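Both complexes shown next keep chain A, but they swap its partner, so chain B is in the first and chain C is in the second.
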Partner chain A sequence: MSIENSFQNVKKLILPYLEDDSLADSIEMDSDFIKDLKINSVHIVDFVIDLENAYDIVVDDDTLSKLSTVREVIDILEARKPVI
Partner chain B sequence: MRRVVVTGLGVLAPNGRNVDDFLDSLQTGKSGIRYLEKLKELKFRCHVAGIPEMDESVLKHFFSDAAFQNIVSLSIKYGCIATQEALLDANLPINPEETDWDMGCVYGHCIGDFLAMKEMITHVDAGRCRNMGSKFTSQAMNSGPAAMLTQLFGPGSRVITNSSACSTGTESILMAYELIKSGKALRMIAGSAESANEYTWGGFDSMRVLSAKYNDQPEQATRPLSASSCGFAPGSGAATLILEELESAQARGAKIYCEIKGGDYNSGGQRNGGSMTAPNVEGVQRCIKNTLDDANIKPQDIDLISGHLTATFADKIEVNNWVSALGLGQSDFPHINSMKSMTGHCVGAAGSIESVGAILQMQHSFIHPSLNCEDLNPEIADMIDPECIPHHRIDKALNTVISANFGFGDVNSCIVFQKI
Partner chain C sequence: MIGNDIVAVQQGKSFRRLEQYMRRICEDSEKTLQIDLHPAMLLALTWSIKEAAFKYCRRSYDIKFYPKKFQISRIKGLELLQSKKWNRSPKIQHRGFADLPHLNIQIESEFGTLLGKTIGCENYIHSIVSQDKDCFSAVHWGIVEIGSPLYKHQSRAVRIHALRHFKNFTNQSGPEGFEFIKNENNVPVLYINGQQSPLAFSFSHHDQFVAYAWC
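Here is the complex of A and B:
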């Protein structure tokens, strides 16, 4: 799966947590969950749970606590790809 | 002394999707009780209940989908819908940018929403605790409805959840009334909600207090004041009243429905016949008398009693309490009716739904029929003139209406609404 595909999938998982629907079109790789997308920290946890379920992965607590941008989420997904 | 008035109404009742719909049901005697196959499948004795027809889309005019993401609690949804309607009715802002420091909220909730609790229990028992996130904890709180109302509508004064069994709804209005009277707030969101689910109702079914003889005739199932009453039909829903300090309401040109003239809430202390499930009659009568004192009215001023009257053996005890406390009887007892004959018993939401109904009857000059009591309980007929109990709508100007609720734990509440 390409990075662009991952980005589109992650974007879909973010959408339910946008308090302001108009921010949907502004989601970019470098969007900050709190500063740019106005998602509160509790809902970031909910988003990560949805991510874990969607990709059957586990995001550890340290990684979760440092997570701030969409790009960092994509990095997590890329890191789990097996090296061929 | 500050005077407190009602400037907004909202309701989601088994027989009303909103205030206009509820008014129409009260005027036409429309029952909201229906058959539920699920209760039969679960081997309940009672197979009927009152569940509101909920239109969640009304909330989307003002709030994003994110605000209601993962909300499973019906009491939260019911409370939000009723409160939005009440604030719109009062011409107050919805979803304001800023906290309203002059507005508080007392929102009652009797039994925490089992639908949210079930999610938590299911996740934890299945070893999926980490999958819950923030989804359910705030919904399982008994203060879940008040917390959500705060998120949506921004009250910044006292925000309280009260919980006093079937007395909850009237008590919430009285607590809000007291906060305005004492100068703690200029306006209050006051009301209560109760979820619709088999877990809340199962306990009552097992106690043999639910109606089980009219499962094939749902609209006949709730029979307050009747010789053939056999228990209550469980109900659910929410209602909200916007209360305001009189001068503040007048200054902003608010529509005023009525004044809250006074009220009382107390307990019989579970002594002298009072218990976890039965009232100490002295406590009930003191509550009614204290209400009249607080409202500074005489028993003869009362045009209508909106009774608690659940359709159990306690109806005749309640009527006797009204007779004794008011000192009125066969010749001068006022009209009395039971809204539960149409809505069933909405538990924590009963008092607020019935208060909205009481105000609507006063506003539109009618007394709603008390359904299913053509075979009046003879012991009640011995106490009051049967003509006091309307079987059909009576069109009549009402100046003063008194409403009461009594609950498990031996708690009582009583309130007087009067035209201004």
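Here is the complex of A and C:
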């Protein structure tokens, strides 16, 4: 799966937590969940739980504590891919 | 200085989901939370206390909210959560906690021991945290049900209600000259006619509820 595919999939997981549909078009790799997308702290945890369930992964506490941008989520997904 | 937070009790969430949440926000060592409480209420209680603690510490430190950094070491008055004594009014304005059933909280963090007061009902939990135990008798606070979960409505409503309460208390009137501006740590600061007020304000909102506190 390409980074673009991962980005699109992550975007779909973010959408339920946007208060305004118009913000969907503003989601970019460097979007900050709180500052740019106005997602509150409760919904960031919601999103991470959705991510874990969708990809059958566990986001460790240290990673979650530093998670700020969409790019960092893509990095998590990329890091789990086996190196060929 | 104070920090506050309000959390709507999400009765509709599945138990599995609530369990996943609790794993994310509590250390195993927080045994004080092993209590007979509906998981949605327990989640709201825990989150409210921890985010209020974060908001207090954020005034002095450039930190990001991570619930496990704040560990609840003591909760007194838990029986209130199962009682019918809590205020259910959609609008509350108060000063201090002396005449109101509330929980007394203690939180440990890398920034030291913090103290908290929590009130609520089956719909929401609201906490105020400080390191100064004397501030709790002087703190002004309020909760309003606004009927909209949208950020732009919450953000506007909490400012309007906080300012209204502040003006009533200080016998000031008129819309001019009052403005809240967030500082570099995202903390709201009141400016009156361009002059920064020394009062510490804290705003919070979740779903249809907004809450404020100042002292």
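Note that the second predicted complex is superposed on the first by the 84 of 84 C-alpha atoms of A that agree within 3 Å, B and C clash if a C-alpha of one lies under 4 Å from a C-alpha of the other, contacts with A are read in each partner's own complex, and residues count from 1 in each chain.
One rule holds for everything that comes next: a contact is a pair of C-beta atoms (placed from the backbone, for glycine too) under 8 Å apart; a residue touches a chain by one contact, two chains touch by 3 or more.
Because the structure is a prediction, the values reported are computed rather than measured.
Touch test for A:42: chain B only (first), chain C only (second), both, or neither?
So A:42 meets both chain B and chain C here.
Quick check on the superposed pair: does A:78 touch chain B, chain C, both, or neither? Answer first, second, both or neither.
Neither chain B nor chain C is touched by A:78.
Kindly classify A:20 by the partners it touches after superposition: chain B alone (first), chain C alone (second), both, or neither?
It touches chain B and chain C both.
Which partner does A:30 contact after superposing on A: first (chain B), second (chain C), both, neither?
neither
Per the contact definition in the header, classify A:4: touching chain B only (first), chain C only (second), both, or neither.
So A:4 meets neither chain B nor chain C here.
For chain A, which residues lie in the overlap of the chain B contacts and the chain C contacts?
19-20, 42, 45, 49, 52
Given the complex with chain C, which residues does chain A contribute to the contact?
Those residues of chain A that touch chain C are 19-20, 38, 40-42, 45, 48-49, 52, 61, 64-66, 68.
Could you list, by residue number, the parts of chain B that touch chain A in their complex?
So the residues of chain B touching chain A come out as 64-67, 69-70, 130-135.
Quick one: in the complex, what on chain A touches chain B?
16-21, 42-43, 45-46, 49, 52-53
How about chain C: which of its residues touch chain A in the complex?
Listed in rising order, the residues are 7, 17, 20-21, 24-25, 47, 51, 64-66, 68-69, 149-152, 206.
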